[in-house]
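Pasting a structure here, questions to come.
For clarity, chains are labelled A, B and C in written order, and residue numbers in each chain start from 1.
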Amino acid sequence: MKSSAGHFFEDFTLGRVFTHAGPLMVSSGDVSLYRALGGGRHALFTSDQFADIATGYAATIDPLLVFHVVFGQTVEDISLNAVANLGYAEGQFSRPVRKGDTLRAVSEVIGHKENSSGKTGIVYVRTTGLNQRDEEVLSYVRWVMVKKRDEGGLAPEPTLPALRAVVDMGKTGMFARTYKGWNNQLAGSQYRFEDYEIGEKIDHLNGVTVEEAEHQIATRLYQNTAKVHFNAHDQAASRFGRRLIYGGVVISIARGLSINGLGNAGEILAINAGTHAGPLFAGETVYAWSQVLDKAELSETAGALRLRLVAVKDRSCEDFPLRGDDGYWAAIPRVSV
Amino acid sequence: MKSSAGHFFEDFTLGRVFTHAGPLMVSSGDVSLYRALGGGRHALFTSDQFADIATGYAATIDPLLVFHVVFGQTVEDISLNAVANLGYAEGQFSRPVRKGDTLRAVSEVIGHKENSSGKTGIVYVRTTGLNQRDEEVLSYVRWVMVKKRDEGGLAPEPTLPALRAVVDMGKTGMFARTYKGWNNQLAGSQYRFEDYEIGEKIDHLNGVTVEEAEHQIATRLYQNTAKVHFNAHDQAASRFGRRLIYGGVVISIARGLSINGLGNAGEILAINAGTHAGPLFAGETVYAWSQVLDKAELSETAGALRLRLVAVKDRSCEDFPLRGDDGYWAAIPRVSV
Amino acid sequence: MKSSAGHFFEDFTLGRVFTHAGPLMVSSGDVSLYRALGGGRHALFTSDQFADIATGYAATIDPLLVFHVVFGQTVEDISLNAVANLGYAEGQFSRPVRKGDTLRAVSEVIGHKENSSGKTGIVYVRTTGLNQRDEEVLSYVRWVMVKKRDEGGLAPEPTLPALRAVVDMGKTGMFARTYKGWNNQLAGSQYRFEDYEIGEKIDHLNGVTVEEAEHQIATRLYQNTAKVHFNAHDQAASRFGRRLIYGGVVISIARGLSINGLGNAGEILAINAGTHAGPLFAGETVYAWSQVLDKAELSETAGALRLRLVAVKDRSCEDFPLRGDDGYWAAIPRVSV
């Protein structure tokens, strides 16, 4: 049979490299859809003019859209048979991506470990997103629980990669921006680097209800074909008996909500950690809150906030409920500018 | 708390100016989404070639899309706590907007009046849409009912702006077009300026059922974040206990339906008056009819029709049911061309 | 009344030519929406760089999107009162369509035959899609069952066009491509022309559940306004008492699924035959399988497969259930490359 049912645990031998299919030229169509489907509307990415004046650097794509596009290309090879998408680490945006750039993805198996049940195992891959000049634009590690093809088969020696809890910002590559001409009013926030304190929590207040059509359209935009997101008929497609919303959709909605309180922190530099702490289904409503975990000065005109972004469903965030332990670094202009 | 719960009646002091966040470069992605989500498909805006031959002027954006984009940027400041969006007047499209132009919005408070309940008040703002050269592309007045922060607080002296019932067409700015090379067949209508009579009514016949996903995607396309449109979980988000469809979505659907009977009247010059006479919810079906209220000769080759466009739900328009009293001016080629 | 209720059987006199309204400049926004709504993601059409290296020819639009755009423009004139859309034949893609090209459509009545009931008749039209230089990009025949305006009226002499069962590939026009630099990994398939055998069947495995919002957005993207797809309120809008999904939406979803097994056969050259064997409604799940009906060598570097693509709903394709008898020619690189 020429069609593929995806890879199984046994296929993920240590060091194996997958060159994923589906190179995508990211266009203004993708950018409009990303905004309309619940993603970001940070001024850095909605207006080239704003970005050019604010940072001397325009027409880049929201890093989270870059992440979803690269991730989507890996699904056919890595996670078509995933039981669960467990986590992310060491995500670094190495180079800006502009409209018209073409993204492709390569993944290397850097760890694997059979589960005690003997039916599944955990696979670690490092995925690299490349542009049309084969330059790295993104790198991240993710781990997924995958079914074994042969439950009685021999398991490989467990190998777990050593992962840093926080990305070294010296390795991220978007700091060419000066943040010199930043405009608080157009960005929608009066708060800059110096205004945030470590430990501070921000309730983003609003909630967004997600529809089946919305998450399916978004997930296809990213070329993510995992049947768990699309097939309501095949009971085996999802262990929940219904379509599961792609975790990236949730991340983008939460990030979109975070503009209310973090409007100046548009540029994600790194994803330190990410966990899908629970499933989201159509008809449910996403709320989000953020906490400032750390701060770092980047230059005379820019700083970075290390942020935990927590998304919950069908309840407000006024008491800052904790699920998972995610975090990312985002650049933000300094008051001194 | 760094997130904002929006402004209240007391915040709208006379003469206060809001420079809204969220400048948007309008792209071909936005144009495609606008068409696909239920908006216009007038040939002037679907084909640059048609527009160029017909009017010597191509690549402009549908004025209603311009309106929604400018309106959307005002929501965070003006109507996040609006109880009801009451009406529009003096809407003038001053300059064409082309793909690649960047729109931003500024609003000035021009009137306010506390309601007798003491719990709410009506606020009048004049909103101006500007392009990347700070040139005005659109100006309109709208009034909204907004909650008071402090119900017992003192009310300001009532001030109501004087509003013209019909826009003076000398103030609109899109007449550079000659309408010399108009093609009835490609535009989808055999009727020109001279064929319409004052008082004439046109049933646009078809109906369109609206889904939650559709109106949410459209409303986010316009960067309109009002929770009343997006949050099905928080009962306080909507006084209807369910998501209310943004009125601009209804206007665009009705305008799209009006192509059947008014296919040559693609270019809106002015919005004289607009009222949201009742709510629309997902699952309901929009029908529309139009009436010619007035006519004006613009040039040798173009005229303008003053039109009332009425949208109703879950019933046909064969008996021309009247809700509200809306109207706009649209340019249309003359027979003499 | 200036609005149109569409044409009836009596209006389709032999030889009558319709110049359809709605010329559309196909943009990157349309391309992104097509992918996100369930259409193709063949690398030939997602990456100009891939296409350029693989074939020396980049930036073309997926032929199925071209088909839907041309088809959509014909609906107002041809099938607004169609009882059923019966079939297609002799579909030939004569010239590539690139982003920025503008498509319009012309149809000629080439056959008609009253049904024995005296209430309806079958109309055959040949539709031609033209670009902005009036060059043919697509030609196809379709036949629809249309209501008579006057049930007792005289019927015309029956005239049935002679239609070829399989398109002569010498008449298709996309062979400029060399397929010299094809990359299996990026295209997502290791199988080339020589790997497929006549008679071979391929189950595409996955299924996609379709939502009301998705098919409505897609159908509007193609400017197809048939009320049967959009109006849930008017019981007369659909003989099924509910919105019928546009058949083109089903074709595109099935074609998208076929990437799993036919990833290298991205370029459709001709549509030999097409039948809508049954209705699809929102909430139902589309599965698909393909059969290789024939093979043809095109050049040193490319061959063509004649494929039957069968879409079914709410059941898997592991036993290759047969509905209809559709088929198309698709180019595919040869092993010798």
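Some points to look at:
Everything that follows uses one rule, which is that a residue touches a chain if its C-beta (ideal position, glycine included) is under 8 Å from a C-beta of that chain, and two chains touch if they have at least 3 such contacts.
No experiment lies behind these values; they were computed from the predicted model shown.
Taken as a contact graph, the chains are fully connected, with every chain touching every other chain. Because subunit A and subunit C carry the same sequence, their contact can be compared by residue number, and under half of the numbers here are used by both. Chain geometry summary: the mean Cα position of subunit A and that of subunit C are 35 Å apart.
Within subunit C, contacts with two or more other chains are made by residues 27-30, 32-33, 211-214, 217. Contact residues of subunit C toward subunit A in the complex are 27-33, 35-38, 41, 43, 46-50, 185-189, 191, 195-196, 202-209, 211-214, 217, 260-263, 283-285, 314, 316. Residues of subunit C touching subunit B in their complex: 1-5, 19-25, 27-30, 32-33, 76, 102, 104, 132, 211-214, 216-218, 220-221, 223, 225, 227, 230-234, 237, 243.
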